[in-house]
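First subunit A sits with subunit B, and in the next complex the same chain sits with subunit C.
Up next, the complex of A and B:
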């Protein structure tokens, strides 16, 4: 079959104040009709630039400096404005990373869908819009078509964007990290949808992502990019099982495997970070981070992309090195734990007043219950994970424990003291420094106008030792920075001059200033690339190993939770629906909600199970089971009317459901779905 | 939305009530000073006492305020001392003249500044953008008396194309309106153009404009339907708020060109301590300011679907 799209030696430069930077360097790629290709690499490696170059949309400062892109044999650089519009609207369509900003805030979803066809009569346009929305599995197309983007959830917005892209039946769909900002359950739904649509319409797909696990299910072939170059290509299964480039192997080692756990298998983050495009290493661009780099060769001889039957690879040592043996772990993973209870929360409830809408609410405020009777226990040296979709109340719980908010009712005992209604400012200094929080966005805690050293030494003064001399404090700052594996020269920089991963490490260093016994980490790595994610997690575990810190880890990334947690709490609508040791929780019987969450975990190996796709969170339930409106195993009336009982199948493991462990253990047939 | 508008109007009424109280207390709290202002400083104490009694000034302050407010609401503002005529008769024509001046200026400013701002903002850093940006910085930094002197110098004394005063002594003449309007336009055009440009530049770089382009829409449609709609929210608000700014510019311009407008009246009233005229002028000026503010708020909500919903 002939190539639909062929990129030949594409070089793209961005004009910047430092002069032109090469974001993409002699990049080649062929996509055939109906093919699915994944483009993988850390952020900044040039993936989006390739995607936008395909659309011939490089912004005001981007320029194709070499090579060409052919669509069905025609160089897209030569398209007339008219032909370019037909190409963009008709042949190739794109879906973006941030659905929220990709839709016009002042037009309804329906208007934005309808405007691509201008001619025909309004009734048929409306019907087409409805069909398009139904095709992307939106339940109530009428309502969604009439809604403004801000009235839709992230998942719905992304479905609208996909519907828009598909309207003209493109031959190629380019997806640039379409699920990065979405919850795992929503992400799973979108990825399935893309697969179904691709098969139905026979279009080709270019799927851009930094997560190999995600791409595995959608793509037949992968291209791995590093610093603007393709460094390895090949069939997905081969590439994931037997990577040939050290970087590909490194990306894979960052992902926790289903049967690995922190007690047995350490993560292997790739050391260092992507070189900026204006300071590239002279020969192999990966050399400074490569464990296999051979001095005298890798730093003098620029490797070229060598083709073979199994794909191509850009490494001069590709045939000599054996990537199948993981590098030895530096130390025995040994986590000191005791049975001392550090945090015990009982019946924690927190409500927030909602904004007033309408006259009657002036007198009766509606309230939102973010935590509804949560019980949770964390012991010394243990990692306790709290999981659930966004909005399930995880962050609220952490903020209550940290004292950033106070509970409405219930008790939170931290180191023997009930602090449920003591805001952090009123807590004893010792308690304050012993319990620290790390946030999803490090910018929440870092002051953009103070140097790293200044912020850390302030934390030392406030949380640790107020009496240290200036020079002792400087030494302490250096010690903390080396603890989080940052080079000492970071101390003098401003947060802006650091990468996202480095900023997160600085905020961890800050939290460690008072040698805390408890760290509350709220999605500390979810905004980061997998490679950086692994480094941050590795760092937290390192701290835990050395100091016996209790870690409360909040996340919707169940693969990571399975890897690092000792015990897990699953939250749904402000309540804990299941809790227990990680082994019991990740094996049947599951609570139906946990089962759905688990089925959404993307993985790079093992059989890819069928996923349970949940309908979007709907109406607030009455008095029955909170999960009843979405539960695929709902047994009947009783789920809507009676609160489910708490059951203890064994030891520490408990869940609340009307079904018995036996019922739940038996795997039911999954609801049948289109395209399967 | 309706609730929000009602709330806003309620706030407007409340503000006006407070302002009226302040104005009343400042100017009429002590009756004797009112008498001096109205019948003159060289009257005897008895004459003043008599006047106060005849005009009901010996009643309690509260009662007087309520009555004063009632008359104000029906458009009865009292008698002007300087013009020896009911304040309303003096005020309305002057206000009308200023409205003509201001609205003509606004009618030039709004389309021109938006057009220039959009042209500059469509492509940041283009030659058009640079020239428009520089020109608007220069014109805004010029104070209005300076541009008045400059324009009068060129068009009145040098070229002798236009009259130097705008008193409309021999009846209405559009040529007399040109220079005052030009000064006001020069004063405000650049500012609004720059706001529009900034907002346009921001919008053109958004992801949704990119979506629109990559949908295969024509450039014209992307600009009119996606960029402008969102980019104009800011200039709309700025323009409405600028009605106030124009009002202050109007005082200088009217004084310079001897134009018989509201600004000049305000000046005359205060110089002559024409108490009832001052009261009326103040209330009108504040009302214009507060009402445009409310209008800007409501318009902003209407233009912004995220605020419209609830």
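Up next, the complex of A and C:
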């Protein structure tokens, strides 16, 4: 097969006020017709810049400083404006990360698709649009074509974007993190769709992603980037099973594996952080963070990409180091737990009044039920995970426990005190110190206007010891920073001057100021890169080990939950549909929803051919089971009309379903995907 | 911007740190600032800069550039024989005293009630917002005239009129920004550690909304300058004889066609100062976007 696209020694610079900074450094890549290639790396490694360079779309401050990109032997830098237009869209199409901003909010999906054929006969255009939407497996093309983007779910929007990209039958489809903003069950559907379309049209696909599990399912070949350079390439299976570059191995060690648990296998975060592009290490760019770096060699000799049968690798020690042996774990982790119940919530219900629409609603406000009779228990020293898709009510539950919102009915007993209707401002100071929260978004968890020291000392004064002298408080700030493994000079910085991972550590340090017994963590690592994510999780577990802290971990990342949780609650539409110890929950029998969630986990190892793809959540639940409209195991009328009974197969494992554990235990024959 | 030699990644903090070095990147902001600084220096140095006493009749209706035995009259004299240059110079003092003073008061009140409305929402927000809607429904000029004719023309009353008319606008902006900021996690974190609501408003939220507020303050200074000028022109400004740019135009309006220089120079003075404020506001807004 001939090369469809070949990138040769591509170097891209971005112009900034500080002078040009290199974003991509002599990057080479060859994509053949019909090939699927994955480009992975953490944020800032230059992978999106490569994607944009392929589109010749670097913006006003980006410049190709060297090398060339050949499409079927033609250098795309030489294309005339007209030829460039035909090239973009016609030969190569791109799907961006955020479908909401890729679609025009003031046009219907159908109009946007029809734009491509402005000059054709309207009737045939309409038929083409319908076909295009049906091709991306949209169930109701007529309705979707007539809908504005805001009336579509995230998954549907992304399907429309893909349909648009495919209209002109491109030879190469570039997908830049196409599913990062979507729920796992929806993500699985999009990934499958791209695979189907690729095979049907024989397109080549370049997948840009930070998610190694996802890449594994879609790509035959992988390129791993670090600090603007390709550091390892090769067949996906080989590269994920036997990585040859320490960075690739490090990335894999950051991921929780299906059979690992915090008790047995600690995660191994990569130390340090990505060097900024204007201060790159002189020789090997990974050397300062590399556990295998040999002084005198790795910091003086710049490695080049060495080709071999198994792919290429940029490491001078690639042949002499053994990456298969994981670094020894420091000590046998021991998590002290007792049976004391720290949080006990019973029948928690929270409704929000919706905005008034129309006269009748003045008297009967429509209400949204975010939590609908939730029971949850957390014991001392335990990690309790609450999982579910976005909109399942898990964050609302956390906010109710925290007192940031108050429950409509039900009780939330924290350390023997019912606080369901006590907002945090009215709670006892001691209770506030005891129960702290770590928030999701590292970008707004810290106040951008105040220094780290100021924010932590404020927390010390309010949660810990209000009477400390200024110097004692400074010492306490330094102690808390060292607890979260940050150097003391971070204290004087503003949040803007910290990376996402550092900010999240500061926010943990702030929560620890009053030595809390309970930490509520609302997706504390979901916005972070894998290596940083591992470090933050590691840190939370470290805190838990030392202080016997109860961790309530809110997440949609089931792989991580399986790794760190002791007990798990699965929420769907404001209700707990299944709960139990992590071992029981992650083994059959499952609630059908849990089963779907589990099957959607993109994994870097183990078979993953069978996935349950759920239709997007749509209809409001009736009186019956809230999951019935999407349930692949729906038995019949009873699911829609009768609330499912709570069943208890063993111990404290329970779920609500009309099917018996025996029914559910028998693995249903799932529709297998089209051959890989 | 670096701290401890470490790169920050952002040259303009999102919250809007607006130092002089940032201003240097916007020509509009620099020119605006230069004009404002020019008038501030003129106002401060008026006693030394003004060639003649501002209120003494010397020789009536001299054209600009006249040389007499009593000295040069570069901008001419008015119908009462007062030196126009000296009056423009002294007049800058008034506008540069009252415009910032009134704006500052409007901001102090507007920020406070805007923060409360945005943070607490509910009926407090409803009440404050409806009242401000009522005030905003009146044309500013009508409000000025109504207030001044009711309570009389004096420096204090001008400040009161301006504060009354501008506060609702400030409040609306602050309220909108606060509604956005109160959903941030750092606000939730402050609530979690039991901060007093007022501390959350003024310590956590206010510093993060200051960027747009600074831009708005500059624009508003321009409007207030015009407002004070208009009040003077309508004869509702500060009582004579002390010079006041709007008042100078008012006194000479009957002669404007025959002796345009009498009205031209005070008008130019008002325009240039307003232009300065607007340029600075535009420049700051642009810098904030970068």
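By our rule, the second predicted complex is superposed on the first by the 666 of 676 C-alpha atoms of A that agree within 3 Å, B and C clash if a C-alpha of one lies under 4 Å from a C-alpha of the other, contacts with A are read in each partner's own complex, and residues count from 1 in each chain.
Quick note on the criterion: a contact is a pair of C-beta atoms (placed from the backbone, for glycine too) under 8 Å apart; a residue touches a chain by one contact, two chains touch by 3 or more.
A quick note: this is a predicted structure, and the numbers were derived from the prediction, not measured.
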- When the two structures are overlaid on chain A, which partner does A:404 contact: first (subunit B), second (subunit C), both, or neither? second
- Would you check which partner chain A:148 touches, where first means subunit B only, second means subunit C only, and both and neither mean what they say? first
- Message: On the A-aligned overlay, A:115 touches which partner chain: subunit B = first, subunit C = second, or both, or neither?
- Response: first
- Task: Using the touch definition from the top, say if A:449 reaches subunit B (first), subunit C (second), both or neither.
- Result: second
- Query: Who does A:93 touch here: subunit B (first), subunit C (second), both, or neither?
  - Reply: first
- First (subunit B), second (subunit C), both or neither touched by A:470: neither
- Message: Shared contact residues on subunit A, subunit B side and subunit C side combined as an intersection?
- Response: none
- Item | Touching residues (chain side subunit A, partner subunit C) in the complex | 17, 276, 278-279, 402-404, 424-425, 427, 429, 432, 436-437, 439-441, 444-450, 455, 458-459, 462-463, 489, 492-494, 496-497, 507, 510-511, 513-514
- Enumerate the contact residues on subunit C facing subunit A in the complex. 3-4, 6-11, 13-15, 184-186, 188-195, 197, 204, 207-208
- Item | Residues on subunit B engaged by subunit A in the complex (per definition of touch) | 3, 123-125, 205-208, 210-219, 221, 225-226, 229-230, 303-306, 309-310
- Complex contacts: residues of subunit A adjacent to subunit B: 55, 57, 59-60, 81, 85-90, 93-94, 96, 98, 101-107, 115-116, 148, 150-151, 161, 164, 168, 355, 357-359
